[in-house]
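Here chain A shows up in two complexes: once beside chain B, once beside chain C.
For the complex of A and B:
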(Lines of atoms letter the chains of each structure in order from A and count residues from 1; the text may use other names and numbers.)
(Lines give C-alpha, C1' and ligand atoms only; values in the text may rest on other atoms or scores of the structure.)
Protein backbone atom coordinates (compact mmCIF):
# COMPACT_ATOMS: atom_id res chain seq x y z
CA UNK A 1 0.00 0.00 0.00
CA UNK A 2 1.62 3.34 -1.00
CA UNK A 3 2.08 5.71 1.92
CA UNK A 4 2.35 9.48 2.03
CA UNK A 5 4.79 11.19 4.37
CA UNK A 6 3.53 14.12 6.43
CA UNK A 7 5.36 16.54 8.71
CA UNK A 8 4.30 16.08 12.36
CA UNK A 9 2.44 19.38 12.32
CA UNK A 10 -1.24 20.17 12.76
CA UNK A 11 -1.01 21.95 9.40
CA UNK A 12 -0.99 18.46 7.82
CA UNK A 13 -4.53 17.71 9.01
CA UNK A 14 -6.37 19.46 6.14
CA UNK A 15 -4.47 17.44 3.56
CA UNK A 16 -4.97 14.18 5.48
CA UNK A 17 -8.74 14.70 5.66
CA UNK A 18 -8.88 15.52 1.94
CA UNK A 19 -6.79 12.47 1.05
CA UNK A 20 -8.78 9.88 3.02
CA UNK A 21 -12.05 11.66 2.13
CA UNK A 22 -11.41 11.32 -1.59
CA UNK A 23 -10.57 7.61 -1.36
CA UNK A 24 -13.64 6.97 0.81
CA UNK A 25 -15.94 8.89 -1.56
CA UNK A 26 -14.52 7.14 -4.63
CA UNK A 27 -15.12 3.81 -2.87
CA UNK A 28 -18.80 4.75 -2.54
CA UNK A 29 -19.08 5.39 1.20
CA UNK A 30 -22.02 7.54 2.33
CA UNK A 31 -21.48 11.20 3.28
CA UNK A 32 -21.86 10.19 6.93
CA UNK A 33 -19.20 7.47 6.62
CA UNK A 34 -16.85 9.78 4.68
CA UNK A 35 -17.10 12.33 7.50
CA UNK A 36 -16.53 9.60 10.11
CA UNK A 37 -13.42 8.35 8.29
CA UNK A 38 -12.05 11.90 7.96
CA UNK A 39 -12.70 12.60 11.64
CA UNK A 40 -11.10 9.31 12.77
CA UNK A 41 -8.00 9.89 10.60
CA UNK A 42 -7.73 13.47 11.95
CA UNK A 43 -7.98 12.28 15.57
CA UNK A 44 -5.38 9.54 14.92
CA UNK A 45 -2.96 11.96 13.24
CA UNK A 46 -3.54 14.62 15.92
CA UNK A 47 -2.56 12.05 18.56
CA UNK A 48 0.62 11.12 16.71
CA UNK A 49 1.58 14.79 16.34
CA UNK A 50 0.72 15.68 19.92
CA UNK A 51 1.77 12.58 21.85
CA UNK A 52 4.23 10.53 19.79
CA UNK A 53 6.22 13.56 18.70
CA UNK A 54 5.14 16.10 21.30
CA UNK A 55 5.29 19.02 18.94
CA UNK A 56 8.60 18.18 17.25
CA UNK A 57 7.64 19.58 13.86
CA UNK A 58 10.78 18.28 12.12
CA UNK A 59 9.52 14.73 12.64
CA UNK A 60 7.39 12.95 10.04
CA UNK A 61 4.92 10.09 9.92
CA UNK A 62 3.51 7.97 7.13
CA UNK A 63 -0.14 7.59 6.32
CA UNK A 64 -1.74 5.19 3.87
CA UNK A 65 -5.35 4.72 2.85
CA UNK A 66 -6.74 2.03 0.59
CA UNK A 67 -10.06 0.35 -0.18
CA UNK A 68 -10.05 -3.40 -0.76
CA UNK A 69 -12.59 -6.19 -0.20
CA UNK A 70 -15.26 -3.77 1.04
CA UNK A 71 -12.93 -2.43 3.72
CA UNK A 72 -11.27 0.95 3.88
CA UNK A 73 -7.98 0.67 5.75
CA UNK A 74 -6.09 3.71 7.04
CA UNK A 75 -2.65 3.18 8.58
CA UNK A 76 -0.40 5.61 10.43
CA UNK A 77 3.24 4.73 11.04
CA UNK A 78 5.34 6.88 13.35
CA UNK A 79 8.76 6.63 14.92
CA UNK A 80 8.03 8.65 18.03
CA UNK A 81 7.13 7.82 21.58
CA UNK A 82 5.00 4.71 21.93
CA UNK A 83 1.41 5.63 22.58
CA UNK A 84 -1.15 2.87 22.85
CA UNK A 85 -4.66 4.30 22.50
CA UNK A 86 -6.16 1.17 24.04
CA UNK A 87 -4.43 2.10 27.32
CA UNK A 88 -6.26 5.42 27.46
CA UNK A 89 -9.29 5.20 29.76
CA UNK A 90 -12.67 5.78 28.18
CA UNK A 91 -14.10 9.19 29.08
CA UNK A 92 -17.17 9.21 31.32
CA UNK A 93 -19.82 10.55 28.96
CA UNK A 94 -22.38 10.78 31.74
CA UNK A 95 -20.23 12.97 33.97
CA UNK A 96 -21.42 16.45 34.91
CA UNK A 97 -19.90 19.45 33.20
CA UNK A 98 -17.48 20.04 36.08
CA UNK A 99 -16.28 16.41 36.11
CA UNK A 100 -15.84 16.00 32.36
CA UNK A 101 -12.31 15.08 31.46
CA UNK A 102 -10.79 17.07 28.64
CA UNK A 103 -8.59 14.22 27.37
CA UNK A 104 -9.32 10.83 25.83
CA UNK A 105 -12.15 12.13 23.68
CA UNK A 106 -10.34 11.86 20.34
CA UNK A 107 -9.44 8.22 20.92
CA UNK A 108 -12.95 7.45 22.09
CA UNK A 109 -14.40 9.01 18.91
CA UNK A 110 -11.91 7.12 16.73
CA UNK A 111 -13.07 3.82 18.23
CA UNK A 112 -16.76 4.67 17.88
CA UNK A 113 -16.42 5.91 14.29
CA UNK A 114 -14.41 2.98 12.93
CA UNK A 115 -15.07 -0.78 12.96
CA UNK A 116 -11.53 -1.71 14.03
CA UNK A 117 -8.69 0.20 15.67
CA UNK A 118 -5.40 -1.70 16.14
CA UNK A 119 -2.12 -0.52 17.60
CA UNK A 120 1.11 -2.48 17.11
CA UNK A 121 4.75 -1.83 17.82
CA UNK A 122 6.61 -3.10 14.76
CA UNK A 123 10.23 -3.07 13.60
CA UNK A 124 9.30 -0.18 11.29
CA UNK A 125 7.69 1.91 14.05
CA UNK A 126 4.39 2.39 15.86
CA UNK A 127 1.60 1.27 13.59
CA UNK A 128 -2.02 2.32 14.04
CA UNK A 129 -4.59 0.68 11.75
CA UNK A 130 -8.15 1.96 11.35
CA UNK A 131 -10.72 -0.06 9.42
CA UNK A 132 -14.17 0.94 8.16
CA UNK A 133 -16.33 -1.69 6.50
CA UNK A 134 -18.67 -0.61 3.74
CA UNK A 135 -22.24 -1.29 4.80
CA UNK B 1 -11.58 28.85 10.39
CA UNK B 2 -13.02 32.29 10.98
CA UNK B 3 -15.19 33.82 13.65
CA UNK B 4 -17.25 36.98 13.83
CA UNK B 5 -19.02 38.35 16.89
CA UNK B 6 -22.25 40.29 17.04
CA UNK B 7 -23.24 41.94 20.30
CA UNK B 8 -26.79 41.76 21.58
CA UNK B 9 -28.24 43.31 24.71
CA UNK B 10 -28.06 40.13 26.81
CA UNK B 11 -25.53 38.01 24.96
CA UNK B 12 -23.00 37.76 22.17
CA UNK B 13 -23.56 35.76 19.00
CA UNK B 14 -20.40 34.15 17.63
CA UNK B 15 -20.49 32.81 14.11
CA UNK B 16 -17.82 30.23 13.41
CA UNK B 17 -17.12 29.13 9.85
CA UNK B 18 -14.80 26.72 8.11
CA UNK B 19 -12.98 23.95 9.96
CA UNK B 20 -12.05 23.66 13.62
CA UNK B 21 -9.32 21.07 14.19
CA UNK B 22 -6.13 20.80 16.27
CA UNK B 23 -4.53 23.47 14.11
CA UNK B 24 -7.33 26.06 14.49
CA UNK B 25 -8.87 25.20 17.90
CA UNK B 26 -6.62 27.64 19.77
CA UNK B 27 -7.85 30.51 17.59
CA UNK B 28 -11.44 29.36 18.19
CA UNK B 29 -10.83 29.26 21.98
CA UNK B 30 -9.36 32.76 21.89
CA UNK B 31 -12.41 34.05 20.04
CA UNK B 32 -14.63 32.63 22.81
CA UNK B 33 -12.38 33.91 25.60
CA UNK B 34 -12.41 37.44 24.15
CA UNK B 35 -16.06 37.60 25.31
CA UNK B 36 -15.08 36.69 28.88
CA UNK B 37 -12.52 39.51 28.90
CA UNK B 38 -15.45 41.87 28.27
CA UNK B 39 -17.51 40.25 31.03
CA UNK B 40 -19.91 38.50 28.63
CA UNK B 41 -20.71 34.94 29.66
CA UNK B 42 -23.92 34.38 27.69
CA UNK B 43 -22.89 33.13 24.28
CA UNK B 44 -24.65 31.69 21.27
CA UNK B 45 -22.45 29.88 18.78
CA UNK B 46 -23.87 29.95 15.26
CA UNK B 47 -22.53 26.88 13.44
CA UNK B 48 -24.45 27.27 10.18
CA UNK B 49 -21.24 27.79 8.16
CA UNK B 50 -19.13 25.33 10.13
CA UNK B 51 -17.85 22.54 7.87
CA UNK B 52 -15.96 20.41 10.34
CA UNK B 53 -15.08 20.12 14.02
CA UNK B 54 -12.80 17.57 15.67
CA UNK B 55 -12.45 16.77 19.37
CA UNK B 56 -10.03 19.72 19.64
CA UNK B 57 -13.02 21.98 18.95
CA UNK B 58 -15.20 20.00 21.36
CA UNK B 59 -12.63 20.60 24.11
CA UNK B 60 -12.75 24.35 23.39
CA UNK B 61 -16.57 24.26 23.69
CA UNK B 62 -16.37 22.33 26.96
CA UNK B 63 -13.85 24.76 28.47
CA UNK B 64 -16.05 27.72 27.44
CA UNK B 65 -19.20 26.12 28.87
CA UNK B 66 -17.42 25.52 32.19
CA UNK B 67 -16.24 29.10 32.32
CA UNK B 68 -19.67 30.52 31.46
CA UNK B 69 -21.67 28.38 33.89
CA UNK B 70 -19.35 29.13 36.82
CA UNK B 71 -21.19 31.21 39.47
CA UNK B 72 -24.35 30.82 37.32
CA UNK B 73 -23.21 33.80 35.34
CA UNK B 74 -24.13 32.50 31.92
CA UNK B 75 -24.25 29.68 29.40
CA UNK B 76 -23.06 28.63 25.94
CA UNK B 77 -25.85 27.72 23.51
CA UNK B 78 -25.33 26.10 20.11
CA UNK B 79 -27.38 27.01 17.06
CA UNK B 80 -27.79 25.73 13.48
CA UNK B 81 -25.52 22.74 14.08
CA UNK B 82 -24.83 20.88 10.80
CA UNK B 83 -25.96 17.24 10.86
CA UNK B 84 -22.47 15.66 10.66
CA UNK B 85 -21.21 17.81 13.52
CA UNK B 86 -24.34 17.09 15.56
CA UNK B 87 -23.72 13.34 15.11
CA UNK B 88 -20.15 13.68 16.38
CA UNK B 89 -21.30 15.81 19.34
CA UNK B 90 -23.87 13.11 20.16
CA UNK B 91 -21.17 10.40 20.03
CA UNK B 92 -19.00 12.47 22.36
CA UNK B 93 -21.90 12.73 24.83
CA UNK B 94 -22.02 16.51 24.48
CA UNK B 95 -25.75 16.69 23.78
CA UNK B 96 -26.64 16.95 27.48
CA UNK B 97 -24.06 19.68 28.08
CA UNK B 98 -25.32 22.16 25.48
CA UNK B 99 -28.82 23.36 24.65
CA UNK B 100 -29.16 23.38 20.90
CA UNK B 101 -31.40 25.61 18.79
CA UNK B 102 -32.28 25.51 15.10
CA UNK B 103 -32.14 29.28 14.66
CA UNK B 104 -29.38 31.49 16.10
CA UNK B 105 -31.88 34.28 16.89
CA UNK B 106 -34.14 31.84 18.70
CA UNK B 107 -31.16 31.00 20.94
CA UNK B 108 -30.36 34.69 21.42
CA UNK B 109 -33.96 35.33 22.47
CA UNK B 110 -33.83 32.55 25.06
CA UNK B 111 -30.93 34.08 27.01
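For the complex of A and C:
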Protein backbone atom coordinates (compact mmCIF):
# COMPACT_ATOMS: atom_id res chain seq x y z
CA UNK A 1 0.00 0.00 0.00
CA UNK A 2 1.63 3.32 -0.98
CA UNK A 3 1.92 5.78 1.86
CA UNK A 4 2.07 9.56 1.84
CA UNK A 5 4.33 11.45 4.21
CA UNK A 6 2.87 14.43 6.05
CA UNK A 7 4.51 16.98 8.34
CA UNK A 8 3.23 16.69 11.94
CA UNK A 9 1.32 19.94 11.62
CA UNK A 10 -2.39 20.64 11.84
CA UNK A 11 -2.06 22.28 8.42
CA UNK A 12 -1.83 18.73 7.01
CA UNK A 13 -5.40 17.92 8.06
CA UNK A 14 -7.18 19.46 5.04
CA UNK A 15 -5.07 17.40 2.63
CA UNK A 16 -5.57 14.21 4.67
CA UNK A 17 -9.36 14.62 4.68
CA UNK A 18 -9.37 15.25 0.93
CA UNK A 19 -7.11 12.27 0.25
CA UNK A 20 -9.10 9.67 2.21
CA UNK A 21 -12.38 11.26 1.08
CA UNK A 22 -11.51 10.81 -2.58
CA UNK A 23 -10.52 7.15 -2.15
CA UNK A 24 -13.68 6.44 -0.14
CA UNK A 25 -15.91 8.17 -2.69
CA UNK A 26 -14.23 6.39 -5.62
CA UNK A 27 -14.79 3.11 -3.78
CA UNK A 28 -18.51 3.86 -3.71
CA UNK A 29 -19.06 4.62 -0.03
CA UNK A 30 -22.16 6.67 0.83
CA UNK A 31 -21.73 10.39 1.64
CA UNK A 32 -22.38 9.57 5.28
CA UNK A 33 -19.63 6.94 5.32
CA UNK A 34 -17.25 9.28 3.51
CA UNK A 35 -17.79 11.90 6.25
CA UNK A 36 -17.23 9.26 8.91
CA UNK A 37 -13.98 8.11 7.31
CA UNK A 38 -12.73 11.68 6.88
CA UNK A 39 -13.56 12.53 10.47
CA UNK A 40 -11.89 9.38 11.82
CA UNK A 41 -8.72 10.01 9.78
CA UNK A 42 -8.65 13.64 10.98
CA UNK A 43 -9.01 12.56 14.61
CA UNK A 44 -6.27 9.93 14.24
CA UNK A 45 -3.88 12.39 12.58
CA UNK A 46 -4.69 15.08 15.14
CA UNK A 47 -3.77 12.65 17.91
CA UNK A 48 -0.43 11.84 16.25
CA UNK A 49 0.37 15.53 15.80
CA UNK A 50 -0.74 16.54 19.28
CA UNK A 51 0.26 13.55 21.41
CA UNK A 52 2.88 11.47 19.59
CA UNK A 53 4.90 14.48 18.47
CA UNK A 54 3.61 17.08 20.93
CA UNK A 55 3.84 19.98 18.52
CA UNK A 56 7.21 19.12 16.95
CA UNK A 57 6.32 20.31 13.47
CA UNK A 58 9.59 19.07 11.94
CA UNK A 59 8.47 15.49 12.57
CA UNK A 60 6.56 13.54 9.93
CA UNK A 61 4.19 10.60 9.82
CA UNK A 62 2.99 8.32 7.06
CA UNK A 63 -0.59 7.78 6.06
CA UNK A 64 -1.98 5.23 3.64
CA UNK A 65 -5.51 4.61 2.47
CA UNK A 66 -6.67 1.76 0.26
CA UNK A 67 -9.85 -0.09 -0.63
CA UNK A 68 -9.66 -3.84 -0.97
CA UNK A 69 -12.11 -6.72 -0.41
CA UNK A 70 -14.93 -4.35 0.50
CA UNK A 71 -12.83 -2.80 3.25
CA UNK A 72 -11.34 0.66 3.34
CA UNK A 73 -8.15 0.57 5.39
CA UNK A 74 -6.44 3.73 6.65
CA UNK A 75 -3.09 3.40 8.39
CA UNK A 76 -1.01 5.99 10.23
CA UNK A 77 2.59 5.26 11.09
CA UNK A 78 4.50 7.56 13.41
CA UNK A 79 7.80 7.47 15.24
CA UNK A 80 6.82 9.62 18.19
CA UNK A 81 5.68 8.93 21.72
CA UNK A 82 3.55 5.83 22.03
CA UNK A 83 -0.10 6.67 22.37
CA UNK A 84 -2.57 3.84 22.44
CA UNK A 85 -6.09 5.13 21.83
CA UNK A 86 -7.57 1.88 23.09
CA UNK A 87 -6.17 2.71 26.56
CA UNK A 88 -8.06 6.00 26.72
CA UNK A 89 -11.28 5.57 28.70
CA UNK A 90 -14.54 6.21 26.88
CA UNK A 91 -15.86 9.61 27.87
CA UNK A 92 -19.21 9.83 29.60
CA UNK A 93 -20.46 12.66 27.44
CA UNK A 94 -23.34 13.68 29.67
CA UNK A 95 -21.26 13.67 32.85
CA UNK A 96 -18.20 15.21 31.25
CA UNK A 97 -20.13 18.18 29.97
CA UNK A 98 -20.72 19.12 33.58
CA UNK A 99 -17.15 18.28 34.48
CA UNK A 100 -16.15 21.00 32.03
CA UNK A 101 -13.92 18.79 29.96
CA UNK A 102 -14.45 16.17 27.34
CA UNK A 103 -11.42 13.94 27.18
CA UNK A 104 -11.05 11.31 24.55
CA UNK A 105 -13.81 12.69 22.35
CA UNK A 106 -11.81 12.21 19.15
CA UNK A 107 -11.06 8.60 20.05
CA UNK A 108 -14.68 8.02 20.95
CA UNK A 109 -15.67 9.27 17.47
CA UNK A 110 -13.05 7.07 15.77
CA UNK A 111 -14.39 3.98 17.52
CA UNK A 112 -18.01 4.85 16.83
CA UNK A 113 -17.55 5.75 13.17
CA UNK A 114 -15.17 2.97 12.08
CA UNK A 115 -15.60 -0.80 12.22
CA UNK A 116 -12.11 -1.49 13.55
CA UNK A 117 -9.49 0.62 15.34
CA UNK A 118 -6.19 -1.16 15.97
CA UNK A 119 -2.97 0.12 17.51
CA UNK A 120 0.33 -1.75 17.30
CA UNK A 121 3.90 -0.97 18.21
CA UNK A 122 5.97 -2.31 15.32
CA UNK A 123 9.64 -2.24 14.34
CA UNK A 124 8.77 0.52 11.88
CA UNK A 125 6.96 2.70 14.43
CA UNK A 126 3.55 3.14 16.04
CA UNK A 127 0.89 1.86 13.68
CA UNK A 128 -2.76 2.82 13.91
CA UNK A 129 -5.16 1.02 11.57
CA UNK A 130 -8.72 2.16 10.90
CA UNK A 131 -11.10 -0.04 8.93
CA UNK A 132 -14.49 0.74 7.43
CA UNK A 133 -16.44 -2.06 5.77
CA UNK A 134 -18.61 -1.20 2.80
CA UNK A 135 -22.21 -1.96 3.70
CA UNK B 1 -11.18 30.44 9.22
CA UNK B 2 -12.89 33.83 9.46
CA UNK B 3 -15.48 35.03 11.95
CA UNK B 4 -17.91 37.91 11.42
CA UNK B 5 -19.77 39.25 14.44
CA UNK B 6 -23.15 40.92 14.52
CA UNK B 7 -25.86 41.46 17.10
CA UNK B 8 -29.60 41.05 16.71
CA UNK B 9 -32.17 42.32 19.18
CA UNK B 10 -35.07 40.00 19.80
CA UNK B 11 -36.45 39.06 23.21
CA UNK B 12 -32.79 39.20 24.25
CA UNK B 13 -29.73 40.50 22.47
CA UNK B 14 -28.26 37.68 20.40
CA UNK B 15 -24.64 37.76 19.30
CA UNK B 16 -24.21 36.03 15.95
CA UNK B 17 -20.85 34.46 15.11
CA UNK B 18 -20.75 33.80 11.38
CA UNK B 19 -17.89 31.42 10.81
CA UNK B 20 -16.31 30.68 7.43
CA UNK B 21 -13.90 27.76 7.04
CA UNK B 22 -13.32 24.46 8.79
CA UNK B 23 -13.24 24.24 12.57
CA UNK B 24 -10.64 21.58 13.33
CA UNK B 25 -7.45 21.17 15.38
CA UNK B 26 -5.82 23.95 13.35
CA UNK B 27 -8.51 26.56 13.96
CA UNK B 28 -10.55 25.70 17.07
CA UNK B 29 -8.43 27.84 19.40
CA UNK B 30 -9.16 31.03 17.43
CA UNK B 31 -12.88 30.21 17.39
CA UNK B 32 -12.95 29.57 21.14
CA UNK B 33 -10.86 32.67 21.89
CA UNK B 34 -13.19 34.90 19.86
CA UNK B 35 -16.22 33.56 21.74
CA UNK B 36 -14.44 34.07 25.07
CA UNK B 37 -13.69 37.67 24.10
CA UNK B 38 -17.36 38.25 23.20
CA UNK B 39 -18.57 36.76 26.48
CA UNK B 40 -16.08 38.92 28.36
CA UNK B 41 -17.53 41.89 26.48
CA UNK B 42 -21.04 41.04 27.66
CA UNK B 43 -22.44 38.51 25.16
CA UNK B 44 -24.84 36.14 26.93
CA UNK B 45 -26.72 34.55 24.02
CA UNK B 46 -24.70 33.27 21.07
CA UNK B 47 -25.86 31.90 17.74
CA UNK B 48 -23.06 30.23 15.79
CA UNK B 49 -23.84 30.43 12.09
CA UNK B 50 -22.11 27.45 10.47
CA UNK B 51 -23.42 28.05 6.93
CA UNK B 52 -19.84 28.66 5.77
CA UNK B 53 -18.33 25.76 7.70
CA UNK B 54 -18.02 22.62 5.57
CA UNK B 55 -16.46 20.57 8.36
CA UNK B 56 -16.01 20.42 12.13
CA UNK B 57 -13.93 17.84 14.01
CA UNK B 58 -13.94 16.94 17.71
CA UNK B 59 -11.73 19.98 18.29
CA UNK B 60 -14.65 22.15 17.18
CA UNK B 61 -17.06 20.20 19.37
CA UNK B 62 -14.77 20.66 22.37
CA UNK B 63 -14.70 24.39 21.61
CA UNK B 64 -18.52 24.49 21.58
CA UNK B 65 -18.57 22.68 24.90
CA UNK B 66 -16.07 25.17 26.35
CA UNK B 67 -18.11 28.14 25.05
CA UNK B 68 -21.26 26.69 26.56
CA UNK B 69 -19.53 26.33 29.91
CA UNK B 70 -18.28 29.92 29.75
CA UNK B 71 -21.81 31.14 29.05
CA UNK B 72 -23.15 29.07 31.92
CA UNK B 73 -20.45 30.40 34.23
CA UNK B 74 -21.65 33.99 33.71
CA UNK B 75 -25.35 33.26 33.36
CA UNK B 76 -26.39 29.81 34.59
CA UNK B 77 -29.96 28.84 33.72
CA UNK B 78 -30.23 25.81 35.99
CA UNK B 79 -27.85 23.89 38.29
CA UNK B 80 -25.33 21.42 36.88
CA UNK B 81 -27.22 18.60 38.53
CA UNK B 82 -30.55 19.62 37.08
CA UNK B 83 -29.00 20.11 33.64
CA UNK B 84 -27.43 16.66 33.71
CA UNK B 85 -30.76 15.14 34.76
CA UNK B 86 -32.62 16.88 31.94
CA UNK B 87 -29.98 15.95 29.34
CA UNK B 88 -30.38 12.33 30.40
CA UNK B 89 -34.13 12.61 30.02
CA UNK B 90 -33.74 14.27 26.62
CA UNK B 91 -35.42 17.43 27.91
CA UNK B 92 -32.60 19.96 27.81
CA UNK B 93 -31.33 22.36 25.18
CA UNK B 94 -29.04 25.23 26.03
CA UNK B 95 -30.87 28.58 26.08
CA UNK B 96 -27.51 30.38 25.68
CA UNK B 97 -25.81 28.70 22.74
CA UNK B 98 -27.45 27.62 19.49
CA UNK B 99 -26.27 26.64 16.04
CA UNK B 100 -27.40 27.41 12.52
CA UNK B 101 -27.00 25.34 9.33
CA UNK B 102 -24.80 22.37 10.17
CA UNK B 103 -23.33 20.73 7.06
CA UNK B 104 -23.99 17.01 6.68
CA UNK B 105 -20.32 16.36 7.46
CA UNK B 106 -20.50 18.43 10.64
CA UNK B 107 -23.73 16.73 11.64
CA UNK B 108 -21.98 13.34 11.50
CA UNK B 109 -19.64 14.21 14.36
CA UNK B 110 -22.16 16.40 16.18
CA UNK B 111 -24.75 13.64 16.48
CA UNK B 112 -22.29 10.77 16.99
CA UNK B 113 -20.79 12.68 19.92
CA UNK B 114 -24.27 13.27 21.34
CA UNK B 115 -24.06 17.06 21.17
CA UNK B 116 -27.60 17.14 19.78
CA UNK B 117 -28.65 16.15 23.31
CA UNK B 118 -27.97 19.68 24.57
CA UNK B 119 -27.42 21.99 21.60
CA UNK B 120 -30.19 22.98 19.25
CA UNK B 121 -29.37 23.29 15.53
CA UNK B 122 -31.59 25.41 13.29
CA UNK B 123 -31.90 25.72 9.53
CA UNK B 124 -33.74 29.07 9.54
CA UNK B 125 -31.96 32.23 10.67
CA UNK B 126 -35.07 34.08 11.87
CA UNK B 127 -36.42 31.04 13.70
CA UNK B 128 -33.06 30.57 15.36
CA UNK B 129 -33.02 34.20 16.54
CA UNK B 130 -36.57 34.19 17.85
CA UNK B 131 -35.94 30.94 19.76
CA UNK B 132 -33.68 32.74 22.25
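The rule is simple: the second predicted complex is superposed on the first by the 132 of 135 C-alpha atoms of A that agree within 3 Å, B and C clash if a C-alpha of one lies under 4 Å from a C-alpha of the other, contacts with A are read in each partner's own complex, and residues count from 1 in each chain.
Heads up, the rule we're going with is that contacts are C-beta pairs under 8 Å (C-beta built on N, C-alpha and C of every residue); 3 or more make two chains touch, one makes a residue touch a chain.
The structure presented is a predicted model; accordingly, all values stated were derived computationally and were not measured.
Asker: Sticking to the clash and touch definitions up top, decide whether chain B and chain C on chain A clash or fit.
Answerer: On the shared chain A, the partners clash.
Asker: Would you check which partner chain A:50 touches, where first means chain B only, second means chain C only, and both and neither mean what they say?
Answerer: In the superposed model, A:50 contacts both chain B and chain C.
Asker: Just checking: does A:118 make contact with chain B only, chain C only, both, or neither of them? Give me first, second, both or neither.
Answerer: Neither partner.
Asker: If you stack the two complexes on chain A, which partner ends up touching A:13: first (chain B), second (chain C), both, or neither?
Answerer: Both: A:13 reaches chain B and chain C.
Asker: Between chain B and chain C, which residues of chain A are contacted by each of them?
Answerer: Correct list for chain A: 10-11, 13-14, 17, 31-32, 35, 38-39, 42-43, 46, 49-50, 93-94, 97-98, 100, 102, 105-106, 108-109, 112-113.
Asker: Note which residues of chain C are touching chain A in the complex, please.
Answerer: Touch residues, chain C against chain A: 22, 24-26, 55, 57-59, 61-62, 65-66, 68-69, 80-81, 83-84, 87-88, 104-105, 108-109, 112-114, 117-118.
Asker: Chain C touches which residues of chain A in the complex?
Answerer: Interface residues on the chain A side: 10-11, 13-14, 17, 31-32, 35-36, 38-39, 42-43, 46, 49-50, 93-95, 97-98, 100, 102, 105-106, 108-109, 112-113.
Asker: Under the touch definition given earlier, write down the residues of chain A that touch chain B in their complex.
Answerer: Result: residues 9-11, 13-14, 17, 31-32, 35, 38-39, 42-43, 46, 49-50, 91, 93-94, 97-98, 100, 102, 105-106, 108-109, 112-113 of chain A touch chain B.
Asker: Along chain B, where are the residues that touch chain A in the complex?
Answerer: Residue positions touching the partner: 19, 21-23, 52, 54-56, 58-59, 62-63, 65-66, 69, 84, 87-88, 91-93, 97.
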